[in-house]
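Following are the structures in question.
Look for subunit A in each of the two complexes below; its partner is subunit B in the first and subunit C in the second.
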Partner chain A sequence: MSVAEKKPRVIEPDSLIGKRIPKMDAPEKASGRTRYIHDINLSGQLYGRILRSARIHALIKSIDTSAARALPGVHVVITAADIPDQRPIGVARDHFPLKVGRVRSQRDEIAAVAAESEEIAEAALKLIRVVYEDLPVISDPEEAIKPGAALIHPEPHGADGTHLHLKQGTSIAHKGKPDNIAMTFDYVHGDVIQGEAESDVVIEDTFRLHYVTHCCMGVSGMIAEFDASGNLLMYSNTQVPFLHKREFAEYLNMDPARIRIIQPPIGGGFGSKLDIYPFEVICLYLARAAKRPVKMLFTREEEFLASPTRQPVLLTLRSGCKKDGTLTFRQVHTLHDNGAYTSWGATTPFVMMQTFSSLYRVPHCDYHTAAVYTNNPYAGSFRGYGNLQATFAIEQHMDMLAERIGMDSLAFRLKNAQDSGETTGQGMVFKSCGFKDCINTAAQRSDYTRKFKENEVNRSRPGNIRRGIGMASMLHVGGGAKIYPSDGCGTILKMDDFANVTLITGASEIGQGSETVLSQLVCEELGLPISAITVVNNDTAITPWDVGVHASRTTFIAGNSAIGAAKKAKTKILAVAAKKYECAESDLDLRGGFVIKASSGEVVVELSKLLRNLHFQDKAELVMTTFYYEPPSVHQDKGFKGDVSAAYAWGAQVVEVEVDTDTGRVRMTKVTGAHDVGRVLNRLGIEGQIEGGVVMGQGYALTEELLIENGVMKNPNFRDYKLVTAPEIPEMDISFIESMDGEGPQGAKGVGEAPAICVAAATANAICNATGVRMFELPFTPEKVYRALHGQTPKLYWKPWRADQ
Partner chain B sequence: MLLKHDIEFTLNGVKRQVSVDVTTNTLAMLRDVIGLTGTKYGCGEGECGACTIQVDGVSLNSCLMFAVDCDGRDVTTIEGLANDSKADALREAFVEHGAVQCGFCTPGMIMQADHLLHKHPHADADSVKRGIEGNLCRCTGYKKIVDAIVAVDGAVK
Partner chain C sequence: MTEPKHYFAPTSLDQAVECLKDGDVTILAGGTDLTPQSQSGKLRIKQTLMNIRRVPELTGITLEGDEIRIGALTTITEIMENALVKQHFPVLVEACDHFASDQIRNVATLGGNICNASPAGDTLIPLLVLDASVELASMPEATLYRHSMPLSTFFVGPGKTRRSLCELVTGVRIRVPGPNHIAHFHKLGTRPALDISTISIGIAGTLKEGILSNVRVAFGAVAPTPVRASQTEKALEGQRLDAVTIGKVAGIARDEVKPIDDVRATAWYRKEMIHNITKRMLSHVAQA
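For the complex of A and B:
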């Protein structure tokens, strides 16, 4: 065959979407080569340690650091008195990194040391003498709101003349509180009085949700260094580098432009790195004072004591429905134990009220929260963000209402479930909604209805092992959440002479696999193998702006941003190729590293060759594009109404348990989940997210609890704080409902938080199915279950916090 | 002053001498004295398994072993788990099966799995679960880790 007759090379269509693509950083991690913040050391580095309060609630009468300062190897010792320009930090700007005049919880930071070694720093802490004057401890949020309760934040912070330690002339950052109420939220749609009047059945119950914490396997830490010109370089595990850059600048009274944050790989996030914590600011103060790099790492005990927690909640829910199974109203009052300071935990009502108002069609809904100060640990954001708590109450009431009207609980859910195209009372618009598919799929695959009935019958049989099956459903934002002025993400994309792509994204990788998913989306657009991409995502001096990793937003927002940049690059490439090969752009496509004829797949030119030509020709050019994606969502109005996310994720999970009625032990045997994820982008990654979330939910339901007594954490270690271990995990059957969201990247929606949300609620329903006993308080430890089974649990009852409601 | 002690042991196949404080644990020696950071600090109390290494062929928590007790022993860390087809297959299986998310528990998990597979080359899912009971993972829910370890059996010739 002559050369002229040789058949043209044809590239067959292929797609990266939906495939099982291993995480790009996994080989490094699996060989121990990845350098986490703990593994990075800078020359000349000092080690920072923090002295925490020996009391729970007390006035600080004096601090003597002279002996610590005199210890050889100690470079810097600081207390609030040494930092006159301290500004209050946190969501409500209600505490100083180094406490001024008063400690309010066990974790409170009093002094800090930077020394030649961790041992010397630790020894120096022991030499600091603090004189306290004890104040009454408030450990129960119900006590905190009683008239006459000791006040936790009576004095203003950051104000002129109120504290000798503070810099004169600074404005008031926090006015102080005449009561212990940190924040309140009130939401209404419809009229619950009318709703109740229309109801055939009304039930009311109180639920108690406990303290748990993230338990990231890598403890918290950071490294800070000021250069000779006063610019700050931070190695930080923040999930929110760009917003935090600005905040850190405020605390240091410096120009944010002079702060650079590098994010090394992170040993777990789950929401814990969403706020700025005292240790971070203290580390900056130490580095500034020492004029040396300072590294600060927590011990595991410190990680328990001084990390945020999930928001503990006391919740009273009143719900009603008609005999035909139509939901009529929901009235909700919750009391949030805010702890001593305000972080994101206080704001979880943003999410909780969405679940109450919009998971099912509820014509009348009334929601009220008070987050109150106590001397307990303070709550932050944690995967699910209030949704586990809300779902725990709602989904138990769904079963209870169904039982009261004699309706099948599955049919009851389906009757009230949302559909595509609905706008809820809260103004959320459900464009893609696979909720009913989720419910039906989870029910069918688990044989829910048959087992539910069978278990009820089996309750009266002899033996101590009772089987139960229970269902719960969820709704969560899946297309970002417009909380800040922008919910966007920027991308810079460049291609080199060899058709390799560098994707520079604002989105942080926190172990969830965003790097890999974003790479898939870009390579899909550009017709390249996944090996042709390098991702840069960890340096604020290089990467474009992003609002941070939260609200299950990264795949959706950063994904759309990456696709936008890739599409621009593709347009540019095809225009060049069309001109060079004298055809229309629409006749061409990119596939397998080649420019091809769109109709036949025939190779036109190797992409790298075309790019080199472009680069070396007279009017030389590079393929480099930028894109900024802002989702088409809106901010909520003052009444919390509005379509806050560009898409919403749905799910239903069925949990099966075995309850030992002799011991109260609950074994979770199987979880069948069906999640509307829009579209599966990386099957391996999304399975991992769901499985990990389910087991995190299992821990929340069965084993994990931070025990706090009078403000003292009793179990700050893995021996007594029980994470789920490998032999305890349930069998997991996960289905994906692909509703192909119109706005989502390749149709996908966010799913990071979704899998943890239903587990505790479904477990409660399963225990009830097994035993006939309702559990209103988490976690379901053997003792708690045993007591409930033997009628030794008094009925929880909490009256709303405000007399007028 | 802290008492120093000179020890000699084999680390990842290479003989070496180290001078360590008598109170130093093996984890701190590996990370801070020798500079091998693949072995992780997760709790310092033997509860999480992130610091798992192998000493004379037995897996243990390096945070609970005094560094001086390494004297005369054969110590293997994640960095030394090379040139071994089973270890390669194990690493590959962790990658291919999605057993790695944040990856912080992964070195310890692989050290434990390697030990497990040497003792029980054909371990089934249930014995693998028991075998890694002492290694905590907060990301994956363990399923893909178990899948990866079980898959090695068929993969190694």
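For the complex of A and C:
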């Protein structure tokens, strides 16, 4: 008997890292099959609607819901009086879901209805009679912070006018505040007085940053259902299911174990779903009272009126440098318009101070913020988290200082830019740092220096079009941010008899492409094609804990977690194979769905066959692993110092514009970006992430603005709130600097927020390069630019709020 | 949104105008203004909602003698693609090219844009400088009654026209311009598309041997209605377009308009833009 010589099959090495992999949810979304919360309907479901305030600031004297309750088809009508166990909500626990006795902003919730149809619910709202007693409206934070200003959250007084002096520990919603200051932040490193003394040049300017909002394509919504045992099931668009589960339990005074959150595919987050808003708690109240599932969806107008905004900021920056171009100090005071209630916007100083203290080497830095209550919309978290605002000021000052000392602005940036291995005054440690590469790459690819000089010369030429080029750089957390007790993420991984993997991750998908990147990382580890994986990521009853989608953390944290679980699976598989084929584990590897010889790529056994053998033997076993990744970052101390992220992302963008001096219109023609992303994982995904971020930054710079007058939003619609449209999007040239972060998954860092941060600052520098006129206030709408060009813009100056500074 | 009691979709002009007799009727054509306005509560839908989209007499673009008639139901896209319009009224095509978005242009109608009577209505400025007239039909007794009026007298205020409640706008008529006719349009907004004008300008006339005559100038978004600018027209009439004249006329235009501040711009900026864009447009005419 002769056996034919059979050539062993060899699997060539391959990698998924850096490839262009289409998002896994793309076919469903592109073909309109994705079932968003809008598409989900439960049997027996009622429709919830909210009555919002007709006034900006007023006492509620009475609410009459009798006619609404009597309307056929109405099941439940609730006001604060119907919910005696309401607990205060929000970051500062300073308001109730249904307002008690007083409204403080246009969005305020007064009553809610659950009815058999949206139309009936809407009709019922119209039947509710509210009597108000108007109070003075405070819409200017500069007025609100003055001593003696009328109070937004006054301390309660008895009927005879005496101060009730509620005991400490009760929340602001109960005990009020003696002033309008919602939060303050004070940070210092070095000594700015010394820094100023050492300076050859000192400049001080005030910058004003405006209101914008997220404009998610999917409006807010949720469905709540209590089962017969009182367990709560929520279909929610939250970005932070696990923390919110706990918080909802607190608001409902129930055991968190009895709450389950399922996240349907989310139509955009960008930070907007990082807090719990009144509508969510109200929807739960309605479901509890109606004993039926209740679905609540915003209209687009409501989405504008009752969604969080980006934090508006008034900012005075004082900066200095020496003649040789060395930065000496920065002193910053900001006034944050908190709006009527406190959400995450008030905490943007966490990020802003990092930029002031640590983007460039600054020996002395002094930073102060007061977030002040007003009757305006309240600000939440929004991609970039204060960094767009901080960068807008800093990067204009970089150009201005360079000009004052007669230094090339590129050389000035490079002289002060950090290298890897540096620790900043705030205690951030830059383990991987491609900052200088970013600056040099963006400058070279855009021909920055030549164009900058040419444009200055061309300013005096005839014609109405002026060309300009401007640069800005940024620093942002890229390896999570240790804000909560844990910044971790859990993974459960299981393999079936066919070598298919199910990745069960705590990390939520909000459109950013995380499920695709996590799949790549797992399949890379296990030597499997991307088609071999299923991701489960949207059900708190199944998925392990994660702190939420924020701080550009998912790729880094959830990625490391997924790799950890995959590595454990691989170790187990190789141990089984080594035993079975009597070799060392290190002689084997996984590739292309096979166990192979590591040295030659020769096939040892098909992975699925090995897994079946393992499963269907006497001592049956499955390959299932778990992993929890906690990044090696630390909490900040009381002075806000500490290495809060496991890695930091860097970037530089060059914006080119054409300014029409007849009309003030600014056309953005090109954006050249260079981003230190650690390593490119999914090239298609990261390109989309950067391009989308640039367009969001473009809207912030040029067209978007929520117009608020005396607390009233004047443009809650897409006609007058102007998003950038396709023809306006500039040409983009994006480069990736791969600094291969040692802690990052396959070397990668988080970049979700990074691309939006520089655009407005670079645009301001470009407009100045084009026209010689510096703009301190966003957005650069045609009228605002035209006014500035014609000397019609008074110099903005805000005296810092601390009398001693 | 208010709900109508009756819905009626006539298939002839007679049926449509007969339905209008009792007056309590909201007319639906493209619906691109009606829908958002009724949803926002700005407009209340009356007892009867009449969908006129099946009325054949309201469609078509035809040459009738020395006039071109554009039916009220003609969509903005149809206007842009029509050979007669392209040949004789390129200025109308230019304005339509700045009208909202492709999707809206596919359903929005010329009659609707006219009856919505927005001070910033995009087609109204070119129609005004082309001396268009509006055709109206009604049924005061048992028979159809038609008449027309100049578009320049049609607008009364924002959203208000001289159309009575029992009349239907059936189309517009525009005389085919003679030789040496020029007409230009400029719309200024924050964005190149999907925008309401901050201001818009139409300029038309006969340009012969450098002299401009039969001048028509109209401005959008600077008054409660789209307006003809009589003083600017007077200053231009019979003039040669040299730099001094252009500068003088632009100044007259700026002084002639009385705009307001709103969410889109201040009155000051609008006046500045009337000046700068008028100057730019006239310079282009002079150079052409």
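We adopt the following convention: the second predicted complex is superposed on the first by the 780 of 805 C-alpha atoms of A that agree within 3 Å, B and C clash if a C-alpha of one lies under 4 Å from a C-alpha of the other, contacts with A are read in each partner's own complex, and residues count from 1 in each chain.
Definition applied: a contact is a pair of C-beta atoms (placed from the backbone, for glycine too) under 8 Å apart; a residue touches a chain by one contact, two chains touch by 3 or more.
This one's a predicted model, so the numbers in the text were calculated from it and none came from an experiment.
Chemist: Between subunit B (first) and subunit C (second), which does A:G267 come into contact with in this model arrangement: first, second, both, or neither?
Modeler: first
Chemist: Quick one: is A:L707 in contact with subunit B, with subunit C, with both, or with neither? Answer first, second, both or neither.
Modeler: A:L707 sits against subunit C, while subunit B stays out of touch.
Chemist: Residues of subunit A touched: more by subunit B or subunit C?
Modeler: Of subunit B and subunit C, B contacts more residues of subunit A.
Chemist: If you stack the two complexes on chain A, which partner ends up touching A:S66: first (subunit B), second (subunit C), both, or neither?
Modeler: In the superposition, A:S66 contacts neither subunit B nor subunit C.
Chemist: When the two structures are overlaid on chain A, which partner does A:R719 contact: first (subunit B), second (subunit C), both, or neither?
Modeler: both
Chemist: Considering only the touch criterion stated at the top, classify A:T663 as touching first (subunit B), second (subunit C), both, or neither.
Modeler: second
Chemist: So in the superposed three-chain picture, is A:R33 touching just subunit B, just subunit C, both, or none of them (first/second/both/neither)?
Modeler: first
Chemist: Considering only the touch criterion stated at the top, classify A:G511 as touching first (subunit B), second (subunit C), both, or neither.
Modeler: Touch partner of A:G511: subunit B, not subunit C.
Chemist: Between subunit B (first) and subunit C (second), which, if any, makes contact with A:E691: first, second, both or neither?
Modeler: The first partner, subunit B, only.
Chemist: Quick one: classify A:C215 as touching subunit B (first), subunit C (second), both or neither.
Modeler: Touch partner of A:C215: subunit B, not subunit C.
Chemist: Across the two complexes, find the residues of subunit A that touch subunit B and also touch subunit C.
Modeler: 717, 719, 724-725, 727
Chemist: Help me check something: in the complex, which residues belonging to subunit A touch subunit C?
Modeler: Those in contact with subunit C are residues 301, 464, 662-663, 665, 703, 707, 714-715, 717, 719-720, 722, 724-725, 727-728, 781-783, 786-787, 790, 792.
Chemist: Tell me, which parts of subunit A touch subunit B in their complex?
Modeler: 20, 22-23, 25-36, 38-39, 214-219, 265-270, 299-300, 510-513, 684-685, 687-688, 691-696, 717-719, 723-727, 729, 732
Chemist: Give the list of subunit B residues in touch with subunit A in this complex.
Modeler: Touching subunit A: residues 31, 36-45, 47-48, 50, 77-79, 81, 91, 94-98, 100-107, 110, 126, 128-130, 132-146 of subunit B.
Chemist: Mind listing the subunit C positions that touch subunit A in their complex?
Modeler: 36, 40, 188, 190-196, 198, 263-266, 268-269, 272-273, 276-277, 280
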